[in-house]
Structures are given as C-alpha cells and as structure tokens.
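Each of the next two complexes has subunit A plus one other chain: subunit B in the first, subunit C in the second.
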Partner chain A sequence: MSTLHTVNKSPFERPSLKTCLDHVVQGDAILLIEDAVVGARKGGAFAEALSHKQASCSIYVLAPDLAARGIKAEDIAEGIALVDYGGFVDLAAGKARVCAWL
Partner chain B sequence: MADETNTKKFLYINRKAPYGTVYALESLEVVLIGAAFEQDVSVAFVDDGVFQLMSGQDTAGIGMKNFSKTYRALGDYEVRKLYVERESLAERGLVSDDLMAITYEDENEDYAEKPSIHFVDRSEMTKLISEHDVILSF
Partner chain C sequence: MRFGIVVTEGPYTHQASDSAYRFTKAALEKGHEIFRVFFYNDGVNNATRFAVPPQDDRNLQVLWSELAEKHKLDLVVCIAAAPRRGILDADEAKRQGKDGNNIAPGFLISGLGQLIEAGIQSDRLVMFGD
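Then we have the complex of A and B:
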C-alpha cells in the first residue's frame, strides 16, 4: 500500500523536498504544506523536479497555506492539485502510512 | 513478543545533526518508548541524521550532554535495526568507519555480538519506508 509524504519546509531553505522526491515510489502521493508551498510556484527552481515526479506520483499543495502566503492558484506549476484541510484528511486516510519530511 | 497482534512496525527517520536542535535527542527518547511497548522498532539515518552516529563526539566545549553513547545501548532495549543511507554518508564526505560500532548480543546464538548498523542505498531506504506501519520523523 502506498504512502502519503508531507513536506513542510521551503525547498529553498532545506533539502526536505529533494530528499522526499528521492524516497517516493510509484503510486505515492506528495502534499506540500506550510512553507513547502513556495516550491510549487510555476517557473520556480523546483517546478521542473515536481513535474517530472508526476509521472509516478500525484502531487498536491494545501490551498490555505498558499493563500496565506499570497500565492495564487493559477501561479502553481502545472499538474499540481490544490486540496483543503478536508482533502488532506482524505489523502491521509487513503494511504497506508504518512511520512513527514521536516 | 507477547502479543503479535498488538505489534506494529515503527520506523524512526532521523535527518538532523545532533546538538544544533533537540530533534536527535527527542528521537532517541521516543525510540526507547516504542521499544518499551514491545513494538518492532527500526531506526533510519538519512541526510544530516548520519552525523548522530559519528564516533568521537566530544561536547565538553559546548556545555551539552553527549548522548552518543545511548545509541550503543539501544541493543539492550531490543532496538537492533539501524539503517544508514550510503548516499547521505557519501554526500557528506563520510565513510562507514567514521561511525560508531554499534552491536547487540544475539541471545539465540550464545550472545554473539552482531552489528546493529546496516548500510543501505537510497532505493533500499525507500523500500523500508513502504514496509513499515508507522513512520515517525525527526
């Protein structure tokens, strides 16, 4: 059964997102929360790595954390889906385990 | 193991160097709690977490308790599966000999000393994550 990976630190500050991307398998989901949402911006340094990963994993970003940081939904890299807190719960409940990358 | 049905596979992932933050010490405490509840405990060291196992740690100059000896006692608490990621070591210019030797006594083999540390590559670490029931990150 697959894993939900959460990342909560900016990829510009720590390697948490990179390390997460290095440890996912086909069918896993990745959810960017808190400061990690800044890595999801279109044209940003991590947008390409995230879009590569979409071939094997689904990638989500927590909308309230985007909104809080003034990042608009239309400025998110293509293929990344927005979820609210309810969506976060559904993702966690739908996977066998949650792995947090701090 | 008293009751197999109440046993879960716990993986503790350590990704921070010791002393700069309290993560490493807190992780050790929680690992010991998991072991006290007779859970199947594995501990992983990834990224800067590999520095937690460095031999020759000397904290006299920073006024903090050197808790590195605790890792060597983990075997007595049935924590005998420590996984160190090879790529994380290499990225930091470290080799396996830079780490403490950590062993446990195998009661099934006349208390023979066996190594607790297993060096795994990134794909094996990824597989370990998907084989555990609960992941606790530090």
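Then we have the complex of A and C:
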C-alpha cells in the first residue's frame, strides 16, 4: 500500500517537505509541484535530504512548474525525475493513495 | 481509474486551481474518469461567473465551466463555504433574499456529504490547496 506524496510549497517557506520526508516509507513516491520545485535544486539546502531518501523511495518534480520558475532540468539534483501532468496522473494511479502535504 | 479532485484555494491566489485544472484535464485525456471535483473553503471562489480577469490572462472559472460541459463533470461547491463568500445559485439567492445569483455554468452547490461520497466512490482522491 504505497503512497504518492505531493508537496506544493517551497521548503524555505513552510515545513511541509521536511514533514513529508519524515513520514515517507519504503516504496512511496514524492512529487514536488508548484513552489516546492525549488527544493529540488542541485546544491540547494534540501538536495542532500532528497538524495538520501532516494534509497527507499522515488522522487519526482513537475516539469511545467520547474520551467515556469526558470529552473532548467540540468539544475535539478541527481536522481530526481521530471514528469509532466500526464506523468503526475500516472504516479497517482500507480500508488494506492495520494497524500497532499498542504 | 476513477479520480476525485478537491480544490481548497480560490483562483489567482497561488496555483492550486491551475494545478487541479491541469491534473483533471490530463486525467481525462488519459481516459480516466473524474467522479467529482469538490470545491471547498476558498476553492468556492472558482465558481463565480462574474469574474473578469484581464484579457491576456486565463479565465479559470470559464476554463472549469468549459471542461465540465465537454466532459459532463460534476463540479460541486460546498454549501457551508459558498454563501459566506458570496457564491449563490438561484435557490440560495432566493432563500437568502438576495437580488441575484452568480454561480457559473456547470457548478452545483451541495453539501459536504458529496465530498465524503467522492472519497468513497473514487479510486484516488487528489487534493489541491494552499
């Protein structure tokens, strides 16, 4: 019973990404959308925590929201995959439930 | 697969309504079913037909109405959240003694039970908010 976790606020604004990282379990997926995409930046304050989590769960970032903020795919921390809205739908369908960390 | 969508933020606030709209559209394009889109708290502000954004901006209320018409979507607005924010349909306007209503085409004012039902009937409930 794995879960897709969505985070939509910048980790510099709210603690939702940190809380999410504290709660995910093996086999879950995390998708960063809206302002949360800034947390995926290579060399950023959350890059290490995110790459550490990749041992147990997969991490994704919503590409259109990344592009809207002028962040290029090559500026994203290693191992984080880009998905579009169709990929978001596939992730939601592929896990047993979706948990939005609002 | 059957999806239920919850929107708890108004349009043009941050991005929740845009995200919910684009997710809903992508799910429909992939052949999934949308059981219901439930607008709760400030999300009810998506349901006014009187919104007039600048011409070069997207009109989210119209986009939702058009999507609802095209795909026969059930767009439900919470009755506890809507009247206090000035979102009224004809029945509510009459009941509250107001001189008009502003609900957009495709939206229906109903109770929180509709959200519970969406949670039970949908395979996945996806929430967008602030």
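Everything below uses one rule, namely that the second predicted complex is superposed on the first by the 102 of 102 C-alpha atoms of A that agree within 3 Å, B and C clash if a C-alpha of one lies under 4 Å from a C-alpha of the other, contacts with A are read in each partner's own complex, and residues count from 1 in each chain.
The definition used in the following text is that a residue touches a chain if its C-beta (ideal position, glycine included) is under 8 Å from a C-beta of that chain, and two chains touch if they have at least 3 such contacts.
From a predicted model like this one, the values you see are computed outputs, not experimental measurements.
Residue contacts after overlaying the shared chain place A:97 against subunit B and subunit C alike.
By the touch criterion defined above, A:2 lies against subunit B but remains apart from subunit C after alignment on the C-alpha atoms of chain A.
Of the two partner chains placed around the shared chain by superposition, neither subunit B nor subunit C is touched by A:37. By the document's definition of touching, of the two partners only subunit B reaches A:22; subunit C does not. In the superposed model, A:57 makes contact with neither subunit B nor subunit C. Of the residues of subunit A, those at positions 97-98, 100, 102 touch subunit B in one of the two structures and subunit C in the other.
Residues of subunit A that touch subunit C in their complex: 6, 8, 33-35, 64-65, 84-86, 88-90, 92-93, 97-98, 100, 102. Across the interface of their complex, subunit B is touched by residues 1-3, 15-16, 19, 22-25, 96-102 of subunit A. The touching residues of subunit C, counted against subunit A in their complex, run 1, 3, 8, 14-16, 19, 22-23, 25-27, 29-30, 32, 123-130. Those residues of subunit B lying in contact with subunit A across their complex are 13, 15-16, 23, 46-47, 122, 125-127, 129-130, 132-135, 137-138.
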